[in-house]
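Next up, some structures in structure tokens.
Two complexes come next, and they have one chain in common, subunit A, joined by subunit B in the first and subunit C in the second.
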Partner chain A sequence: MSDDFQTLIDRLPGLADGVLVTLQMTLGGAVLAMLVAVVLGFGSRTQTLWVRGPSRVVVEFFRGTSLVVQLFWVFYVLPQFGFKMEALAVAILALGLNYGAYASEVVRGSIASVPQGQWEAATALNMTWFHKVRRVIFPQAWALMIPMLANLLIQLLKGSALAYYITLQDVNFWTVELRRATADTIFSYTAGLLVYFVIAYLLTWGMNLLEERAKRRLGRGTRPSLRETLGLKPKAMYAPKVPEARGAI
Partner chain B sequence: MTTASGDVPAIEFKDVVKRFGDNVVLDGLNFSVPQGQRITLIGPSGSGKTTILRLLMTLEELSGGLILIDGDPYTHEYRGDKWVSIPEKRRRVVRNRVGMVFQQFNLFPNMSVLENIIESPVHVLGKSKDEAVADAERLLDKVGMTEKRDFNTNQLSGGQQQRVAIARALAMDPEILLLDEVTSALDPEIVADVLGVLKEIADTTDITMLLVTHEMQFAREVSDRVLMFDKGQIVEEADPETMFTNPRHERTQEFLKAVLG
Partner chain C sequence: MGDIWSWERAWEVLPELLRGLVVTIEATVVGMVIASILGLFIALAMRAPTRWVRVPLKFVVDFIRMTPLLVQLVFVYLLSPPWVPGLVIGFIVLGVHYATYMSEVYRAGIEAVPRGQWEAATALNMARGRTWRAVILPQAIRNTLPGLGNYAISMFKETPFLFAISVVEMYTAAQQYGAGTFSYIEALTMVGLLFLAVSYPTSLLVRRMEIRLA
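Then we have the complex of A and B:
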């Protein structure tokens, strides 16, 4: 066992490289996914059929096909048509499109949850569509979508482990190499689990911070205590800052 | 583009049709509102009053006919014999002259009171921030909300929210103000405060106003003319004194009896 730890310590630089690759895929994939989600989420809402139709098709296609197959397809099939990309770019593309399709449903649902009256008030103030979305609707929908996006981000992180199969040297790769070096399956895979867990925990923590900030902007939060911030589960809603005496003018 | 002059009505409805599916709400409605007049629309629910305001704010699409603002086509026009929709870009030019206050206030919860008011003056009208803030402060003073300037909107009571909403609409300097049952969602003891604010605005500006309200006393005080609607048609039209004391039409008598008790 102490040999195992010695091997692990020797391989820490490799772990750092692996974590870096995993983070690149996760964050790159998340950024692309968010772009895809916003475009498809709004696309699925429009009245215009030639926007809504393709949006729905893309969403259903990427939700309805396996991530591994998508990865393999982009990595092995596309080059046969002359499109060759680096493995990291392939992983980011596949993860971004796949999770973006899921996230687009989150975006669509959250946008739909913003009361119709908000759109109407913005029209009455003669805002353009883009202005309404950017300054009024999205900031409100954002607070609603963060918890669900946080879930998807964690799934994206875990999904990125599949990139090992298209030659990327991520945390999963490091785990497999560790097993090869130690010949101790329990030890290596447990180490792998812990590394993913720590990354997932940090991402959750970051998303909780974002959620608190978004809620505070809506006047629904107070600055959370350190314990609440570090806790895995954010409070659903905070009491208003000032207890309101209704009827007091 | 025509400029506002005494002769051109602020608002003109020409053969306006509005259908929701098979339900015909307005069927060839004609009426006009002279510049600066205050018109109250009364009538049972479903009579099309609110639809008229929503059409004027482009929250609903016309099914037929025309709406003219200061003589300018707004959402649709005739090109030859063809009835065509006017694109959003042109609608926005005319929409700048129209403002609306809603029953449910609809303040933006992601902005403070002040930010709610200056958002469109800065980003739509292109005012400088300093100018917009100065205007907003003047309006907040007018509606008695100066102290709440930097509050979140959900820290305000309903009456306070509505007063901010009124200031927000006025900050766009509208020629026409649409008031859609603005006191219906308020506690009874607050209604008088909000109506007081509106009364002052009516007394100190020459904004054309179109009100849908169940506050008959208020309608009597501020309006120049009252239109009684039933089933999408104007059944009676009179000055408030006549309308409320001596209505001629049987439908109006029934309605007023029901609401005034």
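Then we have the complex of A and C:
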């Protein structure tokens, strides 16, 4: 067992590389997924059939065919059409498109649950469509969608383990190599799974911070912010001024 | 296009893919049966009065839920004696992994049963076991049916991970055909379309069930 730990310590630099690749896939995939999700999420809400139809088809297609199939399709089949990509780009593309389709449903649902009155009020203020979405609608929907997006992010992280099979040297690769070096399955796989667990935990924690921030910006925060905790100004300075209630006039 | 895609090869590979589809569906059904039974037990154990049960169980559940299914599959495959068929390992790992998801669905379903139901059962002097069996669980499980359907579809789409433990399901069949003939395009595309052909109608059914039960 102590030999195992010695091998593990010797292989820590390799772990750093593996974690870096896994994080590149996870975060790159998440950014692409978010772009896809916003485009398809808004596309699925439009009145125009020519936009809504294709959006729905793309969403159902990427949700319906398995991630494994999509990843290997991009890896094996696209080169035959002349699109040769680096393995990392293949992984980010497949993960981003697949989870982007799932996330687009989250975006669509969250936009739909922003009360209609918000749209009407923004229209009454003569805002352009883009301005309405950017300043009024999306911030409210964003706070709603973060918990579901956090789940998808963890799913994406777990899906990225597949990249080992398209020659990427991620955490899964490191685990396999550790097993080869120690010849101890339980030790090496427990270590590998723990690494994934820690990454997932940190990502969840980061998403919780994002949610808190999004809620705070809507004036619905539940905890004092870091600035309020560490700041020198007394708390009352930050409290919103509420007009005092008066008797009936 | 004509020289890249050949309908002949597409037809040739189809019977093997359909054989793989049967294995895929088998894995989904057995995995889901394990997941829905084990998930219920996890959800009930999470309500145990003592922290000595809840905290370790929560850690194990979170650990299984937050680590990749693929790595878990290979881990268990490497640990188990060689006479255990890969498909059985697939059933168990898929079942346990999804049981951790299902336990959340059951928890939400149990919590959604109104308090008054508990109080009414107490007022009728029902025993604790009878309250669960006759009052709480029938209502809770009705709440969980859409979640169960959604996870079944999601498990169906994750069965290709079984390729890592050399179970010949639909994806592995296509992979083998591709490796033999050096043409992956027809086989892989057909697999994707078959997945779509099964999962899309099922998801429509689940959506209808969601609306009807809501």
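By definition in this document, the second predicted complex is superposed on the first by the 221 of 249 C-alpha atoms of A that agree within 3 Å, B and C clash if a C-alpha of one lies under 4 Å from a C-alpha of the other, contacts with A are read in each partner's own complex, and residues count from 1 in each chain.
As a working rule, contacts are C-beta pairs under 8 Å (C-beta built on N, C-alpha and C of every residue); 3 or more make two chains touch, one makes a residue touch a chain.
The structure presented is a predicted model; accordingly, all values stated were derived computationally and were not measured.
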item: Which of subunit B and subunit C A:180 touches, first, second, both or neither; value: neither
item: Partner chain(s) touched by A:165 [first = subunit B, second = subunit C, both, neither]; value: second
item: Partner chain(s) touched by A:73 [first = subunit B, second = subunit C, both, neither]; value: second
item: First (subunit B), second (subunit C), both or neither touched by A:120; value: first
item: Overlap of the subunit B and subunit C footprints on subunit A, listed as residue numbers; value: none
item: Touching residues (chain side subunit A, partner subunit B) in the complex; value: 115, 117-118, 120-129, 131, 135-136, 139-140, 217-220, 240-242, 244-249
item: Of subunit C, residues touching subunit A in the complex; value: 4, 62-63, 65-72, 74-75, 78-79, 157-161, 163-164, 171, 175, 178, 184-185, 188-189, 191-193, 195-196, 199-200, 203
item: In the complex, subunit A residues that touch subunit C; value: 60-61, 63-70, 72-73, 76-77, 80-81, 154, 157-162, 165, 172, 175, 179, 185-186, 189, 192-193, 196-197, 200-201, 204
item: Subunit A-facing residues of subunit B, complex; value: 57-59, 88, 92, 95-96, 98-100, 102, 104, 106-110, 119-120, 123-124, 144, 152-160, 165, 168-169, 172, 187, 189-190, 193
